[in-house]
Structures are given as structure tokens and as C-alpha cells.
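The chains carry the letters A, B, C, D, E, F, G and H, assigned in the order they are written, with residues numbered from 1 in each.
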């Protein structure tokens, strides 16, 4: 597949039938299908269409992975930390984690370390410093990646989340805050767990390749 | 004056002459004039028009205070902390401090404790907790008031600053971040040091009045 | 709890089950749970999960308070006035009032004193001047806090409400009007009754502490 | 001229020469030229090009009126009130007044009755109620036309002014506030004194025509 | 009622019960209730609550008028033209017409004279010139009031309509186009038929009063 | 050159020296250089650097054309009409005309036929219908291309112009109005005379090629 | 019909009944009706109302064409290429194709040649160069028309599609990208397949007319 | 220094004196100062204040590097490719390159490979694939990083540039296009060369560390 990235099927905006057809094609080509932003109806259609595949539905992350029984998963010698500020960040962070796992990258998940409770961030500094790349998801004002990036040398990818109501809600405050961050970050679009995971995976692959040299 | 607030003359958008005329009128009415957002030319015109007044020009805060020699300043038994993230915050924070001083409120200034250097914030927790009210100024992503408000019980007024370039620059990221803050804040408009100082002063007066009961 | 503020659970965006689980945990930790932006389904799930608690559902404010029978409510010697322009402001204003009551702060509610009927505002000047802090909620053009703040010395927190249709609807005109106000205000985000109540409560606590000195 | 409106030449964005050429043409056609948003350089060029005309330069309103000595001004039996909140509103309000005078409409000017000093508005209720139409100019939050329209039966045209800094500055808060007004208004664009004056003049003409029937 | 305007009840955002209660109160006070933006459910609740009133439901305009049998309608000797570009403009234009009728103003309705078929506009110039005031509703690019105002001396109130899809849809292109119009207009907010009708009615009343002098 | 389009050098944002260097290179490659958005300083530097070229400076369109004496201009058997609403449209319209002339396309220029004076549009219907393509430039509310496209079968390219002040100024109202037009148009970006001219030129070439078949 | 364009009925926002009535009228006038953005309910109502017509429902394009049996379709000797980046572009592209077919223009459809798979674009250069006009539809970042226009001399009309989530979703990134394109394009509004098809059709007619000369 | 990043002084918005003072302090602490967005006046003041340092002024990148003679530069065994679409991208791309060089990372610069000339991109695929990380700068529609990322497995950081005029100019189209990219990218704010370089440098350090294991 392109860039060693798992070619994903974005279910949102497609019918269950269209999604299932694309999943069957993906399994035929590569032995596996990865579906993102999938509703239960999408999951059912995919499972029905691929009776001989192992189906792994992650309801929180809204992903489906369908593998042929003899599918050989890749394995990359690198670790990405996925950090969230609160429960609203779980869906996109989970999507990122699934993409990374499908690339064969190890994932360390660290949840609910929101900026309102700084102690929890400080308690996990070792972990935040040991991984090769960090994805830091945060909604509302999106300050968490700014704070984390000020404490570690690890490259940080900010993942803004569309929580919050009122002005700047829907992820706008979080995205703007991350691209204006006074600490060094790169960012992806709001709720774009697939992009954050894929970009972290490409970096992890580069690190693992160097490890291998 | 209205609300016990020092009636201020906003020099920006007025000619030096217009400003001086308004300052003379203010001195006649109340024994004192406070001019904000004043250029050197405004300062000169005010000084020339009020040869018998004590003139206090604060170049960094762009304020002018002109007092008759027998002007009796008010005195309020309360303290406001004014915190900044960096040098770009100094102008608006200074404007807030001048307003507070003119109300007779004590000011504790704590500068350059940006969110990129969390240690400096943690070093001053005692001060942040002892004052009656906090004004926290920050530009770019504006995360500092969010972090401070998570660490103290003092009421925090967020003062967004129009630094930063690119998208969300000009204070937009900072303002949106503060009104979306996951810790409790109220905010004023970008660069509105006069409003932040006045609002903190009204709260300080309410606290001082309670102290007096 | 942090800052003496009642730790609240934001139900919106959570399932009834998730909300109930968090409410049970809150009761275990602190003897009480406060849930905001709760639908009837959230209320039912919380009540079912906490059969031994007193449940106080405020349908207009969309809040739920669940207390153990021996829960000892705090009591703060200060009063906050909560003013609304019309019926659309009742939900957020009510949310603010519930938060204040849970902090132990006295609340004076003054409703339907919209700027289109100035007489009603002028009739209540005494009340507006006697309280320690004012929350003033208004939708559409949001002029009410500007008018009130011009008439009193009490600190005013503007609470913009997302009523109105067409351009500037959804609270944008109200928020912009309040941060541009020619009288002194601080503001919170659109519909953010929880933040307005909490911020007013922190100020009320500072006043009450001074009263106690 | 079209609609009985004085055909105006908008100087802004034109060179002094281009403006003078258009003014000469206007005088030739109609005996008079009206130039708006004119700098001193525009004024000088127009005066030089029309040595035989009476030139009336209004520096505050940035208008120039050039008339042939035998020009017979129109006269309309109706009165428009032009109300401003503060000195920043004077330019656009003055432009509206000049347009009205050129249409032959009587103008009552009422200045500096800002919403922060409600007493001044209430003091002039009689005047506000006696005129045939009201133009109410206001910057920052633009609440003045909302308040005035709540007190009178006269039709009110809101004229937003681009004062204010920070978010919603540049007239955005004022314009949105006026189109969201909870009292009945129609509005014109920010700083559009020419349009406000012309529209009020068309209404005044309709009223005067009815008076004549 | 205030300003001689029919005090209207905005049903949108209220339950049928709340709406009916307010309608009963309005009938008690003034002999009549006017409800706008009313769904069929609102209409049914109002009719049930006022069994002794004459009920006039205008489904296209989404209005309800409930009158006591002895209610004496006002009568104003003036005419307002209400012009629309297409069928999407009918709801707001109809709302304006109902408000005018309730004020006792005569209404001339001219529909479907969109700017894409200029001939139809030119065919009705006489009517457009004879009325005292014009309301011109238009969606999408909103050019119709600009074109009409260039052809007549009657004062024109532009009423932007939220039709159109894509960028500038939702009435934004229409509103901006009307406030930028190169012919003289005043405007109201998108879809604000009630405001357009009320403002035209206030002007019509001023004209009728002059007719009476 | 690419697409048969005259490769143009955008002077804005480049120094005179950089611009001259690029112009020399263009002459060397193709016998001609076309420079757009050029100040007098750019023009001087280009002329100095190309002493043996014929230099054609169009000050109104801000273009420079430099040709070697033996440069053979192309010739295309098709005509584009370029229509403007007022003098502010002349710069971008002129830029479009220069690009077309450099492509060898005939240009019919029709100026100052603004929508406020419909008669002038109707007077030129024959011309508007005879050309192969129309570019219609308009600022402020940008209604002119909508009106023209309703009267002719010729393909119309709308060219929004950044005139106007206040909200929707700077070309926003014009651009949104054109993409929301209720008659059929395609558009280019605000002030993008080069793009409008090039696109019209590509269409003209397709027409001329068909003429040649 | 106007401009030789098939007068279309926009079903969206109309009831099935209203749509059917308009379709009957169109058939009576011209022998054919074209309905766009039609739901299945619209399709059913139209079919029921026109029992003697041939009905052609294109579910993907959401169009309905109803013809009398003796309707003589036009025929234009020109070809338009319609290119899409992905499946989300199919609806608007299909709508454009139906409009073109109704005008009698030949359509070459080239689907799923997204910018992420450049090879597919390069494979079809011949087709892209042979047609008379190109419509290129693309969502998300909308880069496809930019890339295509850099490779061909054919006039390109960019058709932005409202796919994508997060910031710039809903077609905003695509539209802005197309009007900022560094290659020459004209554009239509987001999802405006009808406008893209009609504009391409008008150009095709001009080309075909030249072919005929 | 924090994160192994060269602590940079942002000269923009600081006086030459303030900048020089900060540069002296930086040299004292770390043996080197890096100043970004520096005008010639800033450069002069820094050189004057540090007479014993080697001064390296990069006028195109607007950077200043001041080193003590015995300063030992770091060295990192990794390479970052910096790609630009045109000359307007040179400033920010140069700033990124300087930051990388100060971190000791090797830089491969590839300029003027804009999306309008795809051939130039395809010619350099080997280089684009060999480096460890890519920074791809682009203005106007910002399509270049999207195209590059579709061709390589290297992680790509998109750097939007504020070129372009009209709507979406000032980098907005470029930034939105990059965060909506249908190929995998992470992005930094418009013109943020310092952030792009620092983030690429952190990734390069992680790769080099792995190389070292």
C-alpha cells in the first residue's frame, strides 16, 4: 500500500453496502481491510460480507479491522505514546492507536491527564520522554500538547478534538491554540485520528529503520 | 466617578489636542486625569496643557496620570496579582496595573512565567494563592490562565494578548482558548488591560468592603 | 474538590451509562454529584444508579444534584444576583444558580428585565447594587449587561446566550457585544452557565472570606 | 438626480485630480457637487477646479459641497434626528447630516448620549420622539440604537461605527448587535453615513410629501 | 403596545404549551395575539387555549393571529409594497405582510420578480413607485433590492433570505450584498420578516400621521 | 509557454531588481515579458534592463509588456468583452485586457455600466451578445455579472473587485454574490484580472480553433 | 428557455407536491422538465404527476428528467470532460453531466483520478487534452483541478465538493484552494454541479457555433 | 536548552535594543544566540552588542546567528529535505534551514518545484525519498505537500506560506488545504519556519539517536 500506510476506508458518508464492497476489495488486494468512522450498521455489513475473516470492531474508536486468517501483520520496532486530556478525546485517540497497531508500531496509551490536573501529567514524565513520538489529543482550549511539549524532547503531534460548546467550540479553539503554541508542535486537523496515527507511524518507521541500520 | 472606576481617556484615535482638552476637563472635575494608549505626542500635549499637575508617564504601559498637587488618592485594602507569560504581554498588563493603582488597590506583578517554562509557575504558587484576584495575560495560544486557574482558588481574569502571527494570531487563539478553558475563568477582550484592571478593581473593592464590615 | 468548586459532570456528549458511572464515583469521593446539561435519560440513569441518594433534578437548568443523606452542604456568607433578559436565558442562568447553591452561595434571581423594557431594570436598581456580584445573561444583541454595568458598582459577569437567528445569531452578536462593551464587564463563553456560576462563586468566596477576617 | 438623492462623489480611492474632474462635471450638470470621504488634498483640488463656486468643506465629516452662486437648494418639510454615542461617531454622523442638508431636510443633532450614561438619553426623550426619523450611530458594542428604539415610536436607522479594538472591533460587534437588536431597527453598513443620511432623507421626503397632500 | 407595534410571540424555541400561555396573556391584555415562526403544533395549542377567539393561521408565513370577537383592528392610511424574487422568499415576506396588516397598513404583494427575469421588474415600475415604502426580499446573491432601489424613489428595506447552498449560502451573500449595495437601502437581518414589517410599519405610520396633519 | 498563456511575472512582493532579472529571462526565452501588478519603480527597472525592447507600460492596469523588435505576436480569431461597473474596476479589468491582447484575442471594452444605472446595460445588449466570452467586473455588492448573465447567452466570467468599505468590503460581498448568483456564472478570485483574462483567453482559443476546423 | 440552458427545478427546499406542479408546468411549456437535488419522494411525485412522460431518474446525481414522448432533444457538436477525485464527488459531477446531456453536449466521464494517485491522472492526459472544456470536481483540499490545469490547455472549471471534516471541511478548503490556484481556473460554488454543467454547456455551445460557421 | 532546540529570539515586535540585550544573555548562557524575523536594524544592534562573536546574518531568511569563537556546534546524523514551490516560500524555508543547521542536522534544499510544473517534482523523487524528514513549503493553494506526500514514504511537514491575494490569501487557503490534505501530512502555522525546522529537527534527532543505538 501507499507509503506503508494501511489504506483505510472512511465509512462516514458511505452506505454500509458501499463500505462492505470496498472492504472486500481491500481484503482481496492486501489480506486486510481497515475501516474508520464506522457505525454499527457499517460493521455489520462488513462482517456479513467477509464471513471468512477475523473481524475486530473497536466501538470506541469506531474502527473495523478485517483480516484473512493467514494475514501476516507488519512489525515495527518503535513506540508511539498516545495521550488524552479527557473522555471526549477517546474516539480520535483510539482511531490513531488502531492505525498504529495496523502498521505494527507499539502504542503506549495514557488517558485523562488533562491540563486541569497538572499533577497527572508530571507523574508520567518518564513515559512521555521514553517513547519515540507523542500524539497528544485535547479538546476545548487544547492546552495539553503545549504543556507536554514544554516538558519533553520527544516530537509531539497535536490532535485537536471537537469538544466544547459556544465560540471556538467544535475544535476551533483547540486547533488555533495548537498552531499558535509557544512550544514546538506540528498538528493535524480536528478529530483526524487517522492522520495523526499515520503521520506518527511514518516517523516511527523512519526511527525503526535507523535502529535497523 | 462612575463605579468608583478612574474615568480614563482613550488617546488612540484622538489627536494630541483633543486628548489634552479632555485631560484638562478631567483634572478640573476630579483632580486627576488618566490617559491610556497614549503616544509620546499625546504625553507631551497633556503635560503642556497641565503645567501645574504632577505628570506620571508610563511608557511601557502607554499611560499618563496627571494629578493636582493636592489630589488625594483612594486606598483600597486588597491586592490583585498581575501575571504575564512574556515581554509582549507587558503593555496590557502594565495598563491594568496602572488602573488598579489609580483605584488604590495593591498590585503584585509577576512577569515572564510562560507556560513553556512550567517550573516558574510552580515556584510562585504561594503568591498566586495569597492575592485576592488574579489577572493572567497571555498571547499566542493563551494557555497560561488555564494552567494557573487549575492550581489556585483565587478568581482568575484572563487577558488575551494580540501577539503571534499566522492563523489565530492577533489574539484570536488566545481569546478563544480562554473562553473555552477547561478551568474556570472569566475573560476580557484582547489587549483590554483597562477593562481587566477595572474589573479586578471592582472585585477588589467588594473584597475590601467586606474586610471593613 | 479543586478550587472549592463543585466538580461537575458534563452529561452532553456522554451516554446515560457513562454519566451514571461518573456520578457514582463523585458521590463516593465527595458525598455529592452535580451533573450539567443532562437530558431526562441522563437523569433517569443517575437516579437508578444512586438509589440511596436524594436526587434533585432541575429540568429548566438541565442539572441533577445527587447527595448522600448525610451530605453536609457548604455555606458561604455572600450573595450573587443572577439577571436575565428573557425566557431563552433561563437555562444557562439556572445552571449558574444551581452551581452557586451547591457552593453555598445565596442567589437572588431577577428575570425578564430585557433592554427593550428599561423601566424594569430601573425598578430593581437597589437589588442590583446590594448583591456582591452580578451575573447578567442576555441573547440576541446582548446589551443588558452593558446597560446594567453602567448603573451599578457591583462587578458584572456577562453571560451571552445563543438565541437569535440570522447573522450574529447563535450567541455571536451577544458575545462580541459583551467583550466590546463600553462599560466594564468580564465575560464567559456563550451559554456557559457553569463557568459564570463558578467564577461568581469564587469571587463570592473571596468576599465571604474577607467578611470573616 | 436619481431618487432625489444628491449624487455624491466618493473621494476615497480616487486621486485629487480624478475627484476634481468629477466635481466639475457634477456642477455642470446640477449646479452643485457633493464629495464624501475627502482628504484635505481632495478639498484643495476641488476648490482649485471650481473657482467660481461657493465651497463648503466640513473637515469633521470629510465632505465638500461646491455650489454655483445661483444654485437653488431644495427644501423638504421634515426633520431627521442624528444621535451619537461618542466622539468617534462624529465623522459618519456628520456625513449623514451633510447629505440630509443637501436634500433640504432639517437635522437635529444630539451628540455624546452614550449608553454608559443612560440619564443623558432619558433627558432628551422629547426630541427623540418629535423628529420624523432617527439615525442613531454607535461604535464598540453598538447598544445605543437598541436602547433608543425601545423608548420611542420614531423609525430608527442604526449606523454602526468602526471603533473598538480586539475581537469584534472594526464595527463588527456594532453591526451584528444592531441586526440582532431585540427592538425594531433597520441598519446600514459600518461607517456608511452617506447611506444612512440618504435613506433617512428618502423617508423624510415621503413624510413631507404626505404633509403636502 | 410598545411603538404601536403588534407585540409578537416568537414560537420557535418555545413549547406549544408555553406559546399558548403567552398567547392567552396577550389576548387578555390587548384583545389579540400575534404568533410568529409557529409550527402546526403551536397553532393547535393556541387554538385550543383560545376557544372564543377568531384564529387566523397563515401556514406559508408561519403566523397565527388570535382575536377576540370584538377586537377593533387599527387602520393606517399608508401602503407598503412587499416584493419577492422567488418562492423561497415567501415565508419571510409573508411574515412581514401579516405584521403590517396587524398594524392596519395596506400591503401590495408583488411576487417572483427575480433579477434573472428583469422584464418582470420593469413591468411593475408604477406599482413600485406608488407605494410609500418597499420591502424587497431576496436570497442567494440578493441583488433584487439593489436593482429595484436604482429604479425608484421609494425608500427600500432589503430583507435577505437564507436560501442558497455552498459558500455565502444561509443568507450571508444576500446580507453582505445588501449592506454593500451601490444603491441606497437599509436592511434587516436574514429572514427577519417581523423586523422588516415592523420597521416599514413605523415608517408608514409616520407617513400616515403626516397625511393627517 | 504553458497552455498558450503568456507566462506573467507578478511584480507585487518582488523587488524591482528581481523583477527585471525575471523579465530579461522571459525575453530571452520567448521574445517577450509580461509583468503584472507593477509599480513605477518596477517599470523603470524593467525598461533599464531591456534597452533593446519595445516597452509598453499600462499605468492604469499596472502592467508592463516588453518585446524584442522582431517579436511576432500571436493572433486568435475570437473576441472577449470586458465590462466594468465603475472606475474602481478599471485596474483589474485592464489587466485582463492586456493578458488577452498578449494572447492575440480581440477585446471589446465596455466601462461604467453599473447596476445603479440599468439603462446603460440595456443600451449595449447587442455588443454583450456578439462577443464569444464576457468578463464582467464589479465591486461592492457585485450584482452586475448576475444582471448581465440574465440577459445574454454568452458565457460570463465574474471578476469581483475589492472596493467598498465596512462589512463585506474588500471584495467579500462581491465574490460571495457572484458564486451565489441566480444566473449562470463562473468566477475568479477578487481582483484576479490576470486569471479572468487567461481563462477567457483559453475559451477564446477553443472557439477560434473550432472556427478554424 | 433562457440562454439555451435547460430551466431546472431545484427540488431541495420544496415539497414533492410543489415540485411536481412546477414539473408539470415545465413540460407544458417546453416538452421537458429537469429536476435537481431530488429525493425519492420528489421523484415519485413527479412521476405520478406526469404519467405520459418518459421519466429518467438518476439516483446518484439526484436528478429527474421528464420528457414528452415526442420531445426533440437538442444536439451540440462539442464535448465536455467531467473528472472526479473520488466517490464523494460523484453526486455533483453527475448533476453537471445530466445538465450537459440535456443541452445536447457530449460528456466524457473520468472518475476517481484523485491527486493521491497521480499516475491515474497522467494516464489520461490525451482525453483531458482532447475535450473542449473540463469540469474537475474535488473535495477535501481540492488540489485536483490545479494539477490538471497545469497539464493541459483545455479551459478548466473547478467544482469544489463539500467533503472533509474538521476545519476547512464542508468545501471551504476546496473552494479557497481553487480560487487561489497557481494554475488558471474559473470556479463555481461548492457542490454546484448544475452551475458547472451549465457554464461548461454555454462554452460548448459557443465552440459548437464556431465549428458550424 | 529546552528540548535540544536552539532557543530563538523572535525579533519582530521587539526593539533593536531589547533584541540585542536578549542576544547577549543567550550568548552568555549557551555560547550562541539565534535571532529570527530580524530586520537590518536588529542585525546591526546585535552585531554592535556582541563585538567578539562571529555574526552570521542570513538576509533572505531574516535570521542572525551569533557565536562565541570557541562555540562547539552540535552534530546530528540525519538529513531533512526543505522543498519550496516558489520564491515567496524562500524566507520561511530559509528560517527552517537555519534552525536545522543550528541543531546540527544536514539540510537538502530543493527550490521552485511548484505544482504548476509537475515535471520538476517527478525529477527529484530520489532525493525526496532519501532524506529522513521533509518540510514542504507552499503558498496560494498550497497543493505541493499534498502532491509530494502522495509520492513518498518520508514523513512530510507542510509549511503554508502567506502569499496570494484576494479570498483565502494570507495563507488561509494553503493552511486549510494542508490540514484537509487527502495524503498524510502534519502542519505548522502559516510562515512558521522556526516551528517547522524545530519539529523536523526533533524528529531528525530521534532518528539519529536510533541510528546510534
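Remarks
Here is the rule we use: a residue touches a chain if its C-beta (ideal position, glycine included) is under 8 Å from a C-beta of that chain, and two chains touch if they have at least 3 such contacts.
Computed from a prediction, not measured in an experiment: that's the story for all the values here.
Common partners of chain C and chain F, by the touch rule above, are D, E. A repeat of the B-C interface exists among D-F, E-G or D-E. It is D-E, with more than half of its contact pairs matching by residue number.
Seen from the Cα centre of chain A, the chain whose own Cα centre is farthest off is D. Our note on geometry: chain C versus chain D, Cα centroid distance of 43 Å, whole angstroms.
With centres defined as mean CA coordinates, chain G is found 58 Å away from chain B. If each chain is reduced to the centroid of its CA atoms, chain A and chain G end up 36 Å from each other. Shared interface positions of chain D, i.e. residues touching 2 or more other chains, are given as 2, 116, 150, 166-168, 172, 175, 179-180, 189, 192. Interface note: chains touch in the pairs A-B, A-C, A-G, A-H, B-C, B-D, B-H, C-D, C-E, D-E, D-F, E-F, E-G, F-G, F-H, G-H. Listed in rising order, the residues of chain E touching chain F in the complex are 85-86, 114-118, 140-143, 146-147, 150-151, 164, 166-169, 172-183.
Of all the residues in chain C, the ones that touch chain B in their complex are 2-5, 78, 132-133, 149-150, 152-155, 157, 175, 179-180, 184-189, 192, 195-196, 198-199, 202-203, 205-208, 210-211, 213. Against chain C, the residues of chain E that register as touching in their complex are 2, 12-14, 18, 162, 171-172, 175, 189-192. Residues of chain C that touch chain E in their complex: 87-88, 116-117, 163, 165-169.
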